[in-house]
Amino acid sequence: MTTRLAIIGAGLMGEDHARIFAQEVPGATLQVICDPDNNRAAAVADKFSAADVATDAAATIARPDVDAVVIASPDFTHADLTRQCIDAGKRVLCEKPLSQKSSECLEVMQAEVLLNARHVMLGFMRRYDQSYIDMRAALTGGKLGRALMMHNFHRNVETPASDFTGAMAITNSAPHEFDVVRHVMGVEYTSITAHQPRRSDSRVAPVVMVLETSDDQLVMIEINNNAAYGYDVRAELVGEAGSIAINNVAYTRTDSRFTSSTPYDADWRSRYADAYRRQNREFIRFVETGEFPGIASDAWDGYCAAVVAEAGVRALESGQTSPVSLIEKPELYA
Amino acid sequence: MTTRLAIIGAGLMGEDHARIFAQEVPGATLQVICDPDNNRAAAVADKFSAADVATDAAATIARPDVDAVVIASPDFTHADLTRQCIDAGKRVLCEKPLSQKSSECLEVMQAEVLLNARHVMLGFMRRYDQSYIDMRAALTGGKLGRALMMHNFHRNVETPASDFTGAMAITNSAPHEFDVVRHVMGVEYTSITAHQPRRSDSRVAPVVMVLETSDDQLVMIEINNNAAYGYDVRAELVGEAGSIAINNVAYTRTDSRFTSSTPYDADWRSRYADAYRRQNREFIRFVETGEFPGIASDAWDGYCAAVVAEAGVRALESGQTSPVSLIEKPELYA
Amino acid sequence: MTTRLAIIGAGLMGEDHARIFAQEVPGATLQVICDPDNNRAAAVADKFSAADVATDAAATIARPDVDAVVIASPDFTHADLTRQCIDAGKRVLCEKPLSQKSSECLEVMQAEVLLNARHVMLGFMRRYDQSYIDMRAALTGGKLGRALMMHNFHRNVETPASDFTGAMAITNSAPHEFDVVRHVMGVEYTSITAHQPRRSDSRVAPVVMVLETSDDQLVMIEINNNAAYGYDVRAELVGEAGSIAINNVAYTRTDSRFTSSTPYDADWRSRYADAYRRQNREFIRFVETGEFPGIASDAWDGYCAAVVAEAGVRALESGQTSPVSLIEKPELYA
Amino acid sequence: MTTRLAIIGAGLMGEDHARIFAQEVPGATLQVICDPDNNRAAAVADKFSAADVATDAAATIARPDVDAVVIASPDFTHADLTRQCIDAGKRVLCEKPLSQKSSECLEVMQAEVLLNARHVMLGFMRRYDQSYIDMRAALTGGKLGRALMMHNFHRNVETPASDFTGAMAITNSAPHEFDVVRHVMGVEYTSITAHQPRRSDSRVAPVVMVLETSDDQLVMIEINNNAAYGYDVRAELVGEAGSIAINNVAYTRTDSRFTSSTPYDADWRSRYADAYRRQNREFIRFVETGEFPGIASDAWDGYCAAVVAEAGVRALESGQTSPVSLIEKPELYA
């Protein structure tokens, strides 16, 4: 009763997923590693003892010896490949984003709604991070009173590409915040404004967004892709009766040269190692049982993240508050 | 060579200033405690061994046995009393705000500029808080690179009056942030936006402001007058190369009932006890030497705080970005 | 190529190991759950889909469909069962302690040395805790200079049994510290002293030990089995040039009622969940490859812990410094 | 009604006391700065506007224009000068230690008891540190249950002199811990053991002491005079129901180069600036009112610190537990 997986995409994230399923999650075997670059697929397959390699994604999804699919190919292919998985009746864990275009997200939802059955789990892994789990539990448990505000800070060491823009900060980095804040607070956004200071060099400057929610709350999101000092994700949920914030989890502190210091992570992979493992374990349970995991993201969540990102880009470009409007939520995702 | 002080106003802050000068700052004696309520003046005078009491502020300021004045009367009287001190050629430490009306601040500046000599020190005591001193030194010292953003959080346990409004949060509480951010970053504001979530009760909800500066930086300020959990002021200065943040200074941590906890202050007086003492010591030096203290606030700073607060109230009411525009800075304050 | 495991003992730790191998560690299947109480064995087998149950440990170890063994039965049975595994040529993960009697540990070593091959991995899981891993890396990396001292604090909420004694604190709780300190510092002990304050109730009071090492360092160990406030393990390694300490890893902090607080764990299982998972994954690799994991504890380590615990009990009873002397280390464990 | 002070000794601590009384404590004037080196006395007198300078301590103490005395001369002169103050009927703030010889402390007490009036306040300023004040209040308030243990760590950057010894660590540095632990816990010591690891260089190695108290508690004290990383004083008071520990008070944290760091002080003067100011203010009140301050150290406390230090040195030299025995406490100090 082992789930035979195909991993589509053998880049950084594809390799990470292969490793996680091979070494951290019981119940799954790597059946196919698929990448247009055959050598890259073979290298990952070798490293984690996958049964086979392939270069054609569509054919791989269709294989009868593939029970479920993990999509870790380039962003623009996510929506189309996810639809192919749905059409083949296979459950799929799609890396974020589902699509940067909300229209493509709608098409995925249509395909899934047509089958009237859950097929798509979306890789917004932060929902599985212990800090956000604890925040949500504190809110649900009533310790904070009603939620009023959530402050969020996403900081990378530096942008991967020198041509990174403020709009890309909103469409590529911010969706993690867009999704996890909706999840923790249990609301939808209604509007967004965006600001950007000026850096003295050619790197992309931070973007600061203020969003309003359907329950008249405020959400502040800073995306700082060139924070220089470390990979650092902060969040504070402010309730009417108290507040809860994420700690920088550090296992030790070092006393040296007149300072006491704790380390930051270099990137998201060490920071969210636990979250990825939990998420992927839940995906295997989903494949085995057909029950969609209680806290996972789905195609609707991918759509919501795309809509607010599109509004955020408009807000940044216009300097005006931009409304966020969603279609009615299909019953499948209720 | 002791400075003989008059304290105008024997309320909460007036009594605190009397105590600080009597018990914490050498070189000053309490000559007069002045309050329209003679009993109140007498109680404070008694407690801290002041030489005399009075009920008439104007007459007190004019007394030949008064070398310098501390104004801690109601806000609306500050500007007028300060001008009287200037006209009497006496140095004055005026509690914040100089005035909530920028027009009145202009009048005070005119009076001071006319004499072409510094008379007014304004009680924005946060500039003397060690945390802000360290932040400014880190920026000046180059450890953070150029400043990009400053995030500020001002939290009170609860509003003093039940009819406190969002506009009052901007005019009464935010000026501390308006002033200290200008001071730490060394810039002026050019625009402000303001947002407010909805509380489920009748207390005033937080106000979140985003300001732009003359050097194209962003400043975020949250004023939460009903934060419930404690008096808590946070700030983080984000530079292009690193970041510095204020700690909650707590002297001990307690392990009990499955938590490790550190205390918050109940209000600003314990939190800023050191800052008040340093500020007031600097005021006595100013009186003694005539040299205006390097980091103190002056009438220009009071004017700047009033202008941005007025713009903030317009922004909150209109939902639009509101420009902040200042007169040219008089040479006296250069 | 899946490892078929027998779990001997279906109590708290046996069930935990069953869960870890079933849900967290790929490459293993639960072949037999063995417990003298057949119902208890069946309950665990059921919960984690084990293939079979048994009541006879010796027979279970001998089964041809069992590739490797996990011993989680009562402490006094560990040494004998471990020897049976060695004699059967099967690799075994034995929960700590190997034995409370150093003489029994010697017998296990003799059996293993006779085969001249590693069979025994001992469950001192703290070596796999990220904090200790980081401490050891800091020392090895030269950041601290030569190690001078290590301070250790082991605190439980309360003793499991009301007849717990100071001697039991040394023999049952302290071995974790005895082992991990040896591992982190890379030394052996040469002497031990032990002190105990008086509690005002009938619960067992803390024990404080000071040990000297073969490299003339000092080790302080506090065992406080009734610390009341939480499960809390602290350690600080003090070098000649700097210091490194374990943090209380907490994912969030909560601001409420005039305090900022972070949670403590209730017991060791949540605190060391990661360490157990890593250790058990390493055990499966050991079974698969025959290569003994670089940082795991072995029979020699079990012997060393038993010897120092015996000396510690003598020190507590006599009030005198007690020497710690070891046999020469067999080559197998070099 | 201003207190006219003589400061005996114009070294580091004498200058600090002159500064504190001149700039931080109202109600005192610097009447005489006395030092055998007239230039040194004159430099300090100049800097803080003292009225006069002198080179003869005995004559200075006797001057009719001196109301009270601060002794900050070399340690070996403290007891004799303090007795001269008592004999002259003048109140004295004597820097720690009263004497390193308990016999000399007895002589001071005899002189004070003879007058049957408090004259001597001893400069164990830690009692005025907010952290210890909070610890004591937590214990008294019942939050921790009965005190069981106190762990103390005193760390300097490096020894002032290269010929510093372990015995000197006990007699020069540890008395602060000896005194403040007695004060916080409200007990006396009954025995002491001392251990010392070996450093790889010629600097003095740390000393670790374990003391027992009259209420069967344990006190651990580490004195590490070459800790290298900073000036750092830690303490944890462990009660039967909970624990309280001193924080490293840092006003900011800096995020830079993959770490979050907070600063350590370079030495005790910045760390205990508040404590010195409070202590010295209390001394002036004592001089003014004759009421001995509730929490200050006195000659009895100086004697107790000397006795335990003498026992500590014996313990370190002999490797044996050394008893601590005190004379009966004179009624004056009850």
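Labels for the chains are A, B, C and D, by order of writing; each one numbers its residues from 1.
To be clear about the criterion, contacts are C-beta pairs under 8 Å (C-beta built on N, C-alpha and C of every residue); 3 or more make two chains touch, one makes a residue touch a chain.
This is a predicted model, so every value here is computed, not measured.
By the document's definition of touch, common neighbours of chain A and chain D comprise B, C. Distance from chain D peaks, on a Cα-centroid basis, for A. In this assembly, the C-alpha centroid of chain C lies 43 Å from the C-alpha centroid of chain D. Rounded to whole angstrom units, the spacing between the C-alpha centres of chain B and chain D is 37. Counting partner chains per residue, chain C shows two or more touched chains at residues 228-229, 241-243, 250, 255-257, 262. The touch graph of these protein chains is complete, with an edge between every pair of chains. Residue ranges on chain D touching chain A, taken from their complex, read 228-230, 232, 248, 250, 255-264, 266.
Note for the complex: chain D touches chain C at residues 145-146, 148-149, 151, 193, 195-201, 205-206, 208, 210, 212, 215-218, 220, 222, 224, 226-229, 238, 240-243, 319, 321. Remark: chain B residues 22-28, 130-131, 134-135, 138, 143-144, 241-247, 249-257, 262, 281 touch chain D in the complex.
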